[in-house]
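Structures follow.
Shared between the two complexes below is subunit A, which pairs with subunit B and subunit C, respectively.
After this line comes the complex of A and B, so read on.
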């Protein structure tokens, strides 16, 4: 699919895959080399073969209600603009002028007629990103310059229940196929209430000196760390001892195409850690209506102990309602973009309490975020040493726990204290790094351990 | 005779504008501002752009390319990067038609040019 039919863009070919990936990442054995968190060559491959090819989260529709509304974000290290069009659709453009490459928009968000490059005055319309003209345009016209053949590079865009995703890969599968049956679980967060969801205004941007995969993997399926890493913070927020996750009566890990969700069925286990009783009450009161809407089973997940990553770097926590992208900024650093998601129809004071609770727990000074940041930074920094970096890490917890007779969608595993989702994540990571095109990416669903 | 036909009186509603090509000379942009007609050259004085493709707000026209602005009745450039004023034309309205006298400037432009401010 040619995203820029009017623009004959010329791009260079991608580079060949690295040769030793099967040794570096062996998910049959549950083994991973620490090199994947430190190596610059691996990182360059990730930008090219994962971030320039996968569907990446770029916005929530509620952030861009009117024509000309825009926000800036990034897809990997590629800076992009998300812009509401005249016909109410959304477009995603590279935030880079096709003349000398300068950034065309420096604000985080706003409303604009278009985007004018500071360097030579090349001007692009908000509607379609086409080149409208430039400073000293007469001399371009004298050299037979055809401005209709230039514009901002456009990505493919697709949405799922308010979430906006984009990809620069013309051969990527549809978003629907990319997400697969995981949408059944996404609905717990996005569609528990008839008004749907929205982002509260404002994005927290912070940095952590860790590799992006450590953060994404934590949310794809690591609640194991919760009871240990966050023990004191959880006790402070809950005002008493914390239940052992391993003793919860029913929990699962599910994954598909490298996406993963681990969850208990305790309704408000995550929500309770915000220390806002009214939020627990709101969820308990809402639950019977959710049961009518999504069924009894999913109504038990609306604020349960759980976490979710959509491959590669979009994550959220139901209950705490924190939504984030782990933006890669070199192999040893991430920029973390965080928002708070709420039901659009929730009362304002409940929305305010969610905002406050999310700040208390999952912001740069939040009690849980600080615990995680410290661990993730040192998981990255120890790999600076070659002996450490060349040693295999263990990702084998929960081998042979697959539930082949489960009626739940996706690849379903028993219990949420399980590294099956991490294995599925790293397997997908390796498959993408090895596949020359999307058609070469193997289907591992139903085959993972 | 320097009179050229721009449009029918009922062709442009208030807040609308239109580019009118000339066999000789520069294209003209005709505007209906709250029932009163005005005319200026259509080409922006900064770079090649048709003002008829720009946004009309109150009595200002915003160029579609670099968003410079002109005050329509006087043709004065008011917003960066536009610094040279637009040529204006005197409007003549008959029972059914709107004309420009391309030999004359608009009265507002002449008054503004003589104003000490």
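After this line comes the complex of A and C, so read on.
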């Protein structure tokens, strides 16, 4: 049952697009201005036209095995509840009571048959989110209140191989269309092994005073920073510098609708940074089976030097197996939610090694992440100066390197040291901010440089 | 061993001094000296805290869940080795630390030659001109007398926060 059908929602007109977007974000020329990281008006538009519109990652199915299992997260700044239903499907509700708007669930995870608002006792079934009753229910009856017409507002939900996405936009394309050919690459992480993937227990949360786009862009296609920013971490974990990415024999950047993946074909380049020989061994032993499953080419990517962002704010690193969302909290702040993803059928000691390895590398105590956070905060904060804010930032690396004859899916570019994915990301960002509806969002695939 | 077997004043004092010295070593970036205060068999653990309901049997943390630290000596040595790299760009200019330790309670440990110590800490870090972050929490330690002195064998660090309100933990707690 869809609660939204029972509760007719008055639609809100899309606010007009901001002027000057073409001046501050020109991806034909590969120029961007820091204003996009600082401006409150831009941020409000992002919440409306990106976060309330796009398919956003909310959970992995393995986090909610049983009926009544729930977790709370947010879609942009909208707080939501993800709940496993009696029929084994998943529903996503606004975590806000339709009476006065108070939050109905304060725990981050658990199991419940229902949710009761602390304010006036409105109670909602975990199964379907319908209004079941409330404090002093008799007085509502006297005002001809029909409780069957009330419930928690529902989002559209769709899954891809364990990943659960949701959107509040009725006119959004299907998740399949939204992800497009990028699913071929997502399978490297999600489907390399029979049994698929799962999240290990728990989520680590932290806050970084940076704009969400800087973090998302870093994972969409910036391995360029790796060798420089992360030199200290690589020396600590590997006893030597980061692999010289520019000299790897075969690497690519691919993108589609603002999603992006940059990758080498070196099998274990990312995984090696965990400094756990058993993980490298596990991947090498698994690789022939992956080749049977996904083909020889993709079997070379399972732990390779690579990073992935699904537009707008869901990212992961194969090999380190860290999965994260960059939750926007105003233009100058994010909440970072991180999880560890592993193959469900991996041995327990390998899972534990990945859990610790992700902690050691990419977490608030991770030796790699420490240097990232520092950079991202100051890419944001410098834009508080008006002169700095309008300085042209260069995003032109790899112009004219598209491989038009590649057999790989998506928009394929030569090499990982390439800002084509960042350009595609910011182009998609601008297109969404300028489009009044989903139908107005232009198709840039095949046309980006 | 029961709590009635009270420790001598000297023993309590020794453990207190150990904890206070440790805090000073961290503030002064004496990483190698700090590593020498640790047992080779150390388990240094700071679990992530989950915001769950009281009746939820899962509790706020478990050994299997993600952690900020879940380290043995090898992991701690690796963290120290990053701090010491000249290319640890985010550490230059350095982060300035104050570790305050208080509420120290010392008991006899489960094994001969071991102590159990409870303490609270406040860590204040400042970077640049105007950045400050503060982490407060409780610790449960097991210390052990080894051949070359008193060593930290186990540390459990519990912070009250289900979300870290700063970007990283570029120190030890």
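To be clear about the criterion, the second predicted complex is superposed on the first by the 442 of 449 C-alpha atoms of A that agree within 3 Å, B and C clash if a C-alpha of one lies under 4 Å from a C-alpha of the other, contacts with A are read in each partner's own complex, and residues count from 1 in each chain.
Heads up, the rule we're going with is that a residue touches a chain if its C-beta (ideal position, glycine included) is under 8 Å from a C-beta of that chain, and two chains touch if they have at least 3 such contacts.
Just so we're clear, the structure is a prediction, and the values are computed from it rather than from any experiment.
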item: Partners on subunit A (subunit B, subunit C) - clash or fit; value: fit
item: Touching partner for A:291 - first (subunit B), second (subunit C), both, neither; value: neither
item: First (subunit B), second (subunit C), both or neither touched by A:138; value: first
item: First, second, both or neither for A:17, with subunit B first and subunit C second; value: neither
item: Partner chain in contact with A:435 - subunit B first, subunit C second, else both or neither; value: neither
item: Cα-centre angle that subunit B and subunit C span when viewed from subunit A, reported as a multiple of 10 degrees; value: 80
item: Partner chain(s) touched by A:200 [first = subunit B, second = subunit C, both, neither]; value: second
item: Partner with the higher number of touched subunit A residues, subunit C or subunit B; value: C
item: First (subunit B), second (subunit C), both or neither touched by A:364; value: second
item: Partner chain in contact with A:158 - subunit B first, subunit C second, else both or neither; value: neither
item: First (subunit B), second (subunit C), both or neither touched by A:397; value: neither
item: Which of subunit B and subunit C A:116 touches, first, second, both or neither; value: first
item: Subunit B versus subunit C - smallest C-alpha distance in the overlay, whole Å; value: 14
item: For the subunit A and subunit C complex, residues of the former touching the latter; value: 106-111, 200-209, 229, 231-233, 235-237, 275, 335, 338-340, 355-356, 358-360, 363-365, 367, 369-371, 373-375, 377
item: Subunit A-touching residues of subunit B, taken from the complex the two chains share; value: 46-49, 55, 62, 64-67, 81
item: Interface residues, subunit A side, partner subunit B - complex; value: 113-114, 116, 121, 123, 125, 132-138, 141
item: Subunit C to subunit A touching residues, read off their complex; value: 46, 48, 50-53, 56, 58, 62, 64-71, 75, 78-79, 81-82, 85-90, 162-170
